[in-house]
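Naming follows writing order (A, B, C, D, E and F), and every chain is counted from residue 1.
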Amino acid sequence: MKPCKRIEIVIEQPLAQRMAKLLATLNAPGYTFIDHAGGSGDRGLRRADEPTGTSTNCVFVIACDDAEITDQIVNGVRSMLTRSGGICLVSDAQWVRH
Amino acid sequence: MKPCKRIEIVIEQPLAQRMAKLLATLNAPGYTFIDHAGGSGDRGLRRADEPTGTSTNCVFVIACDDAEITDQIVNGVRSMLTRSGGICLVSDAQWVRH
Amino acid sequence: MKPCKRIEIVIEQPLAQRMAKLLATLNAPGYTFIDHAGGSGDRGLRRADEPTGTSTNCVFVIACDDAEITDQIVNGVRSMLTRSGGICLVSDAQWVRH
Amino acid sequence: MDALFLSNITSPPLLFFMLGAVATLVRSDLEIPEQVAKFLSLYLLFAIGFKGGVALAESPLDFEVAKGLLTALLMASLVPVYVFYLLRRKMSTADAAATAATYGSISAVTFVTCTSYLDANGVAWSGYLVAAMALMESPAIIIGLLLYRIYQSKEERDQPELMAPGELIRESFLNGSVFLIMGSLIIGWISGPVGKAQISPLVNDLFIGVLCLFLLDMGIVAMRRLQDMRSAERGLSSLGMVSWGIALPLLNAAIAVGLAVLLDLPEGDAVLLIVLCASASYIAVPAAMRLALPEANPSVYLALSLAVTFPFNLLVGIPLYHQAVNWLA
Amino acid sequence: MDALFLSNITSPPLLFFMLGAVATLVRSDLEIPEQVAKFLSLYLLFAIGFKGGVALAESPLDFEVAKGLLTALLMASLVPVYVFYLLRRKMSTADAAATAATYGSISAVTFVTCTSYLDANGVAWSGYLVAAMALMESPAIIIGLLLYRIYQSKEERDQPELMAPGELIRESFLNGSVFLIMGSLIIGWISGPVGKAQISPLVNDLFIGVLCLFLLDMGIVAMRRLQDMRSAERGLSSLGMVSWGIALPLLNAAIAVGLAVLLDLPEGDAVLLIVLCASASYIAVPAAMRLALPEANPSVYLALSLAVTFPFNLLVGIPLYHQAVNWLA
Amino acid sequence: MDALFLSNITSPPLLFFMLGAVATLVRSDLEIPEQVAKFLSLYLLFAIGFKGGVALAESPLDFEVAKGLLTALLMASLVPVYVFYLLRRKMSTADAAATAATYGSISAVTFVTCTSYLDANGVAWSGYLVAAMALMESPAIIIGLLLYRIYQSKEERDQPELMAPGELIRESFLNGSVFLIMGSLIIGWISGPVGKAQISPLVNDLFIGVLCLFLLDMGIVAMRRLQDMRSAERGLSSLGMVSWGIALPLLNAAIAVGLAVLLDLPEGDAVLLIVLCASASYIAVPAAMRLALPEANPSVYLALSLAVTFPFNLLVGIPLYHQAVNWLA
């Protein structure tokens, strides 16, 4: 097991592809996303109920064991969240080597 | 980044709306939910396969940077879980300010 | 609240049932799974878009308060991930008793 | 009886139900995606409601109808009471109350399968029975919870009420499936034959085909629950579960047969009313019970209705009740 | 007017829309699963596109068509401009620009409902209007963003551009729904009556029935947004929102009525063109705005179009515009 | 050949497949929700299985049928063997084995598209070919894994077996799609023309329309995989991938054409059998390979079958094989 950071981002579904592209640019070692999430925050209730996806969220989880890349991801994501809303949490984890 | 608690709750889908209402009452700063989860626990296997949703779970994630509100959420959720089952985990995280 | 480990596993959807069986064998106290996740990693982009499910991932979350069982789960999962890819993260959490 | 019985067993909907059950038995990974399955069930409610409403628009309400609706309401209130008293020594009060509510209510898919069965056998039936079905869905929920509150232990009594009575009644009568049948019935009634002409290809022509696909999924799910039964902890043994799951619909059907003969209902209407009484809910009631009575164990009441009574009614009950009606008429 | 108005109100699609709204009002948990609802909307676009294409293949393009298409484009470019100037003192520049784009664009479901309304009333309409609809979806997005860039504050101007202009135009014209209508239209055109015969059962026979189910869901969603309106923070009060959501389609329709009379369009085509002008987008434009203008608040522009203008057009607008056309012709 | 070829290219299903591919090329966000797409594919299996079964009930099994089924089984066992030997120097043993299994098996959607192509061209075909398709899905899985076990490296041999042989055979033959075709075939056979009358509107009338929608999605997905091909790391270059993905179906088709002529199969049956041999699995086999041979890289075998061979067969292969049959007959 190696120590790593677990980064968790919630963002609107329509921006999911932009986020995926950003993560690739920032050399994230990988990511997992879960579509069709809902939520509530500063910009009100997001029910994940519209056929259009406009009120749906998307959750990204990134495990990153490189401190520099982690910083870059956090900064890149921050400027994206500033304009479009959403949250980003970072926590410590152990990555099981395989 | 500011330190916060990451609260993660798994509960039955039919109770999801009650949980959302509870979180609003307890002044949670926001939450994210993921529908259509399955699981296994004391009350057996929940396959998330029924057209009725009765065997489906729902996952809530709440980031909370206020210790008092965190306590209230944990206590409010605890009494709900006692009767209906499910789990609640609390861990430390850093909330990226934006 | 009791301290526990939060184990999070991302694996391909077709292997989800094998993982569930493995967790049952290893006496995991319970687990939650989220289907229909996508992701990116060593084996390329997984878009979760195929009608066949072959490019879809599945996320498992296990709360475990027994150190020995945690070790067994991590080891059992490791050998599964070695062959099929995916990731496993372990972190600390507090389990709300109810 | 054989001819009738067989005509049921070789009908595509039943065969697809059995195919689903076999898929689970042989551990095939066949599965209808959950959201689609939910939609197929909404479609069936929408279609049967609309058809019933159009039928109501075409034939006026009269004494016959009033008689049928009253009988339906009577049975929906009576069944949960005696089921509760039969079961309450075998299981916890909460489980007995939830099971009573389940059997007092109805299964729309069993009803819908029975209408296709009657159509295939050329037996006429009246549209008002769709209204009867909608009426029978909810009362048992209220009655089951009342019985629970009367007989609950002192300790349970100290727990805070989860739902105010008003909220509970709202929840019972406005459950999605109840609401959709009722709403479609009313819309069918209002828009009548003109509306029917517009949506008949969806509502009528595709009905049996969609029923096949939905029953395929129900076969998969019901057999899974039957398999899970062995591992669940309950007051009842697996054998006890299966016995009750067969005995209860037979008992309810027997009483309903008696009433139908007494009231001299026409053949098709009698069969449908009996099927309503004999069937048990696995949608509206379990959903309401999780909210109002989370102490009750779904691996009792949901397993009984979904894994035992539902297949029993589909495969054996419907032709059996039909036979009984013919024999007694 | 009454007869026409009523013939709209008792049509199944409208009644199911109202049923959905009532379901939300009484807090029923009725809900069409999200993925299925999305698919139903794709089906409607696919079907209307294909039908329009087949109609185009059957009647040649001529001066009439060119006239109609040009008017459509004109209105799609004009509406966002005056809507922006009307709104920009009432709300932030970003919100005004997004709302302008929303109203300059169209709602395919309103259009589709109007075609069923015309069919049910025996009024003919031309296939090229489907092409007009597809053409009108995107220009307003570009115009809205141009207006935003002209009038944005200095501080906003310092923020980096989120999308390059090329990317933006691509995004607007290749949005999934725009692309599907256009593609189906072209395929319908190419495959003509032969292709039509092959897929007519799906595309024609089921159309109104599926529309009912989709409008049921839209009723639920629109009413939820109307309820959420109270709690959202915006530049406008709830009453202000409702007033604008009704005034804007009336204004746009009035101008379109004028143009239709000027150009002497046939009855059905006139009604459809007016409905296109009066309707506001809640799919393509909001999706594009989230990407290109995330500063704009969806609880302004999406709520206006989805929760106010959409129901208004369905329930009141369509028969009203029809009446106006008949009265002025 | 031109007329036939064009009659394929202007058919709606093919055009929608191309529309999907274009949507991905121009980066439109058009997309059929995953659960719905899965359901559409289940529908196609259900419908073709049922139709095949009804056809079987109507025409008795005879020597012709036995001949066809045996040829099908022969090809399903032969193809993976020579494909494996052709490929094993170009890629890892695991990849070669998985690819061999993929090409030995079949693509139900290619088959289904070919039946619509034949129907549209007025060419008759026999229901037993649906049974042939179902029979051909699984054997190649077993054979591919046997070949892998014979030729795997010493190091790989030390890894524990993931699936017991019994489990593996069960998994191969009871894969959801294989099971559904087989089950529907048997149900169609049992319920015969009576059953057909009941569900024909769903199974027959909607078939081509639903095929259009499903192929729209497949066009999107196949083009995405073709685009992803560039970035994936494999033993083969992208150009190598495309070449093999075209060469293999041509080779398999050539052998099948020979056999069909030898056996003197009727036109329609010959074309379908050739299409079965030329097509490659992207559902049952990849699913089984992930379980039994996770070392094999899906961006080899899945990309070959889904992104190259599948479009090739749809757009070029089907009319080409038809032409070859006509030319040699």
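One rule holds in what follows: a contact is a pair of C-beta atoms (placed from the backbone, for glycine too) under 8 Å apart; a residue touches a chain by one contact, two chains touch by 3 or more.
Since the structure is predicted, the reported quantities are computational estimates derived from the model, not experimental observations.
Colleague: Between subunit B and subunit E, how many steps is the shortest route if every step has to go to a touching chain?
Modeller: 2
Colleague: Touching both subunit E and subunit F: give me those chains, sorted by label.
Modeller: Touching subunit E and subunit F alike, sorted by label: D.
Colleague: I'd like the angle of the rotation relating subunit A and subunit B after CA superposition, in degrees, nearest 5.
Modeller: 120
Colleague: Compared with subunit B, which chain's mean CA position is the farthest off?
Modeller: F
Colleague: If you take the mean of the Cα atoms for each chain, which one ends up farthest from subunit C?
Modeller: Centroid comparison gives E as the farthest chain from subunit C.
Colleague: Hey, how far is the Cα centre of subunit A from the one of subunit F, in Å?
Modeller: Centres of subunit A and subunit F (C-alpha means) sit 38 Å apart.
Colleague: What is the distance in Å between the mean C-alpha positions of subunit B and subunit C?
Modeller: 19
Colleague: Could you give the separation in Å between the centres of subunit C and subunit F, each centre being the mean of its C-alpha atoms?
Modeller: 33
Colleague: Mind checking the centre-to-centre distance between subunit D and subunit E? Centres are C-alpha means, answer in whole Å.
Modeller: 41
Colleague: If a residue has to touch 2 or more other chains to count, which residues of subunit F qualify?
Modeller: Within subunit F, the residues that touch at least two other chains are 29, 31, 34-36, 38, 201, 205-206, 287.
Colleague: Would you give the residues of subunit B that are in contact with at least 2 other chains, written as numbers and ranges?
Modeller: In subunit B, residues 34, 36, 48, 91-92 touch at least two other chains, as defined above.
Colleague: Can you name every pair of chains that touch?
Modeller: Pairwise, the chains that meet the contact rule are A-B, A-C, A-E, B-C, B-D, C-F, D-E, D-F, E-F.
Colleague: In the complex, go through subunit B and note every residue touching subunit C.
Modeller: The touching residues are 8, 10, 34, 36-42, 48, 57, 59, 74, 77-79, 81-82, 87-92.
Colleague: Under the definition above, what is the set of subunit D residues touching subunit F in their complex?
Modeller: 10-12, 15-16, 19, 22-23, 26-36, 116, 120, 201, 205-206, 208-210, 212-213, 216
Colleague: For the complex, give me every residue of subunit C touching subunit F.
Modeller: 12, 14-15, 18, 36, 43-45, 47-56, 83-85
Colleague: Which residues of subunit D touch subunit B once you look at their complex with the stated criterion?
Modeller: Interface residues on the subunit D side: 31, 34-35, 37-38, 40-41, 159, 162, 214, 217-218, 220-221, 224, 228, 231-232, 282-283, 286-287, 290-291, 294-295, 297-299, 302.
Colleague: Would you mind writing out the residues of subunit F in touch with subunit D in their complex?
Modeller: Residues 34-36, 38-39, 42-43, 46, 50, 170, 174-177, 179-180, 183-184, 187, 190-191, 195, 198-199, 201-203, 205-206, 287 of subunit F touch subunit D in their complex.
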